[in-house]
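Below is one structure, written out as structure tokens; comments come after it.
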Amino acid sequence: MTTFDTDMPPMTTSIGRSTADDIWVQGYDLAGELMGEVDFGSVFYLLITGRLPTAGEARIFNAVLVALADHGLTPTALAARLTYTGAPDAIQGAIAAGVLGAGSVFLGVFEDAGRVLTAAGPTPDTGEEDLERMAAEIIEDHRARGARIPGLGHPFHKDGDPRTARLLALAREHDLLGPHTRLMLRVQERATSPSGRQLALNAGGACGALLSDLAIDTAVLRGVAVVSRAAGVVGHLAEEARAPMGRTLWHMAERAATYEARR
Amino acid sequence: MTTFDTDMPPMTTSIGRSTADDIWVQGYDLAGELMGEVDFGSVFYLLITGRLPTAGEARIFNAVLVALADHGLTPTALAARLTYTGAPDAIQGAIAAGVLGAGSVFLGVFEDAGRVLTAAGPTPDTGEEDLERMAAEIIEDHRARGARIPGLGHPFHKDGDPRTARLLALAREHDLLGPHTRLMLRVQERATSPSGRQLALNAGGACGALLSDLAIDTAVLRGVAVVSRAAGVVGHLAEEARAPMGRTLWHMAERAATYEARR
Amino acid sequence: MTTFDTDMPPMTTSIGRSTADDIWVQGYDLAGELMGEVDFGSVFYLLITGRLPTAGEARIFNAVLVALADHGLTPTALAARLTYTGAPDAIQGAIAAGVLGAGSVFLGVFEDAGRVLTAAGPTPDTGEEDLERMAAEIIEDHRARGARIPGLGHPFHKDGDPRTARLLALAREHDLLGPHTRLMLRVQERATSPSGRQLALNAGGACGALLSDLAIDTAVLRGVAVVSRAAGVVGHLAEEARAPMGRTLWHMAERAATYEARR
Amino acid sequence: MTTFDTDMPPMTTSIGRSTADDIWVQGYDLAGELMGEVDFGSVFYLLITGRLPTAGEARIFNAVLVALADHGLTPTALAARLTYTGAPDAIQGAIAAGVLGAGSVFLGVFEDAGRVLTAAGPTPDTGEEDLERMAAEIIEDHRARGARIPGLGHPFHKDGDPRTARLLALAREHDLLGPHTRLMLRVQERATSPSGRQLALNAGGACGALLSDLAIDTAVLRGVAVVSRAAGVVGHLAEEARAPMGRTLWHMAERAATYEARR
């Protein structure tokens, strides 16, 4: 018997529990109430928030996951493929390598947008005037710090990211255009680039706002994008297993690089 | 201009492509045909196999993803939580740590079962007699090598994993109990433990068989489980951010361990 | 032949190059000039900075690596062991899990201290008066922001981390107590905790300052700690392979945690 | 007070322990006996094996670490750089991505060679005749299975890897050419490729054999290579932070790849 006295906080969990006959996930009977009854995206929502989404919430949450799953031969997809080249026996490592690039530069915008909006603190009861004021404060705060507002502008889809329009249409259809997204839209309407050009709301900004409206904790916003991107990475690895490009990429890099000794 | 001659195989991809106006995933218009139209699990299936699943296939694929997403405070969930304790600023790292434990001991059974079944090579046209012969060969091969047949037996759910029964019922309901699963069931019926006891088909074995029937390439079978488990890990991290147990676990380990100098 | 025009910056590298007969690392013949001639710590220094360290620099750099390699059953060591429990077939994954916890909470202090000191910009020519001014500014800046000064204080070694004294003695012995470390010491002398108590210089702060004096780029300061910690993690995994604690830890967590359904 | 009864094996560790005044590593006083006294490679050896190496052992162990640290723009270096492109704020993630490629294809040979040699079981007392017999059995076993003998042959350094000759010379100089290496050399002398050509002993094979002679447990052989490679990866990241090639590589891949829709 191991006995010890601890002054540490107790450990509590609400996620999973098993008996010899049943497995429970957030209080639901896994086999009886979730499998075959609820799609995977909805169970992911349940795991994070502790409750199942409504039909409209499930549709938007799934659309966000679908929107972020892949973007072609991105650095994350390439890192996963190159890792698979060296370690095809441990595909979990290649997937991990793929998601480790989901940092501040790409998927971080997602979290940053959510953080800015959540900090402003809009609620379903916030009126138009207050949203205006919050938007003005966000813009002014970023201008003063010389910082870019997360969620605005895209290096490639300059006339508007096609995913943004679709996400907003879905939210309107289900009457789920909540306070964070309405605030984000006001920021977008009023903000301009340093050269005076209006900036489009990009998919990261739209997703960050919509997920905040769906009550996803800011701390794990990036985690939602990571799971989505993991699915894309497995897609790339399935292709890499069938038609590898890792070695070609390697030799291409070696030939394209110039060697300049520092010694 | 960089010019180089390469004798390496060409690089081809079918997954993603973007123009200034559109984003394509496996030949589908992401915003117009997938977002809001298809659930995330189905898009994951599309990413891996190159085609959207039928309604029945989507239900089974989602059920497999749901079945594997969480199992409580497993080593993978704990590794993710402990990583988050040290690096809450980079949640992608905690998720990666969580999925890196998806190796041979836990989620590997999944892949091993798929590999054994796929190697036997059953097809929709394989008759009952041939299935019998394949099952006998698999059992004999494992007996000769003193190896356990992957997918059979469970340390905890000894009377049958509740997920297995549910998955098989769903497959029957959609008439999708394919040759790999039928072979797995014959193996289960005939195999016994070294002590002569009959072994239940566990969820890993059922999932491996069903995904093989769904034409998931063996090379990425474990990858399907990894994405599912990543969702569970994010659930644990959402809880860890709200009610942390990482430090308690740390101090518990330090106090429970005995220090034995080797010097 | 693949030809493409690119407006991207050229790729250049100075690190490694191989011919059929030789392997070069930063301009040194690997087999002839480095292996057996120079210790691993010094080659690590060469890889990062492009030059071999002097004897004194090598002794300090090695001492820093030794200082950070292990600290017992830390969250990072536990995360690595739990990952190994599930995936003993892919030890690189368990090591990766171990280093992923080297984030802002633990090893980040290292980088943060270096960043603060480097931003102040002391050089070998900076006089005592200017160091005083820089120290006062650092303290005032943190006080104004209500932020803790990185590198000061330790939750456990309250009377002074034994590693700090040793590192400073080594630096003095080799006349390598450079401007960043001298600035760090002035900050330590003048700074007090909110309750007015003087704070000791912890090992992270000393290491961050000394490595900055050794011309390690702030961008990779944390990377030095990560390699050191990776060695400690492999030590833990060697022990885990021989005398595993992963499963005990798992069951301990399951039994200690209280399950509280949210549904 | 948390009390629980456990039938699990006890947790014991010999690696690290801290008091308020001292930090102990494998029974050594970290600040007093290791820092400044022993190089990092030797402390890494201590962490794994529980004892400090002799001078000769330290020289060989360091030479092995130096030999494996870098090999230019390998897939692992590229994966780390691409991960850094997306997540420069979390360098531990880029390092982890770099080491995750240390799998069966590249650094695995290292472990595989050690495993084959250790399984044969040579000891310092094994005579020449028995070594001959063991070598013949290893060759015959691989021939029968149609398997390549790990450690022999190199795709690039066909006339002999320069690192191999250096490592063997160092081992001879210190009279540390132990039974595993002597067995490896006999295997190399007698083995031929399918086309009848003699195969050179590559660096992976030499390192695997020498580390087995140094009493490194086979379970963590790959871990030694991983720590060494982590140092090389940090070198690449220091360069990437200064002169990035990640985005060029990304665009190069996008332009070089052919898009072939499957739909």
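Labels for the chains are A, B, C and D, by order of writing; each one numbers its residues from 1.
To be clear about the criterion, a contact is a pair of C-beta atoms (placed from the backbone, for glycine too) under 8 Å apart; a residue touches a chain by one contact, two chains touch by 3 or more.
All figures in this text were calculated on a predicted structure; none of them were measured in a lab.
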{"item": "Centroid-based (C-alpha) most distant chain relative to chain B", "value": "C"}
{"item": "For chain A placed onto chain D, the superposition rotation in degrees, Cα atoms, nearest 5", "value": "180"}
{"item": "Shared interface numbering between chain D and chain B [over half = same, under half = different]", "value": "same"}
{"item": "Centre distance in Å when chain B and chain C are each reduced to the mean of their C-alpha atoms", "value": "36"}
{"item": "Distance from the mean Cα position of chain D to that of chain B, given in whole angstrom", "value": "30"}
{"item": "Between chain A and chain B, centroid-to-centroid distance (C-alpha), Å", "value": "22"}
{"item": "Junction residues of chain D, two or more chains touched", "value": "2, 4, 6, 10-14, 17, 26, 72-73, 87-90, 92-93, 96-97, 100-103, 107, 245, 247-249, 252-253, 256-257"}
{"item": "Partner chain C, residues of chain D touching it in the complex", "value": "2, 4, 6, 8-18, 20-23, 25-26, 30-32, 34-36, 38-41, 43-44, 47-49, 59, 62-63, 65-67, 69-73, 77, 88, 90-93, 95-97, 99-103, 107, 156-159, 162-163, 165-167, 169-170, 217, 219-220, 222-224, 226-228, 230-232, 234-239, 241-245, 247-249, 251-252, 255-256"}
{"item": "Chain A-touching residues of chain D, taken from the complex the two chains share", "value": "1-6, 10, 72-76, 78-80, 82-83, 85-90, 93-94, 96-97, 100-108, 245-250, 252-254, 256-257"}
{"item": "Of chain A, residues touching chain C in the complex", "value": "2, 10-14, 17, 24, 26-28, 50-51, 87, 89-90, 92-93, 96, 252-253, 256-263"}
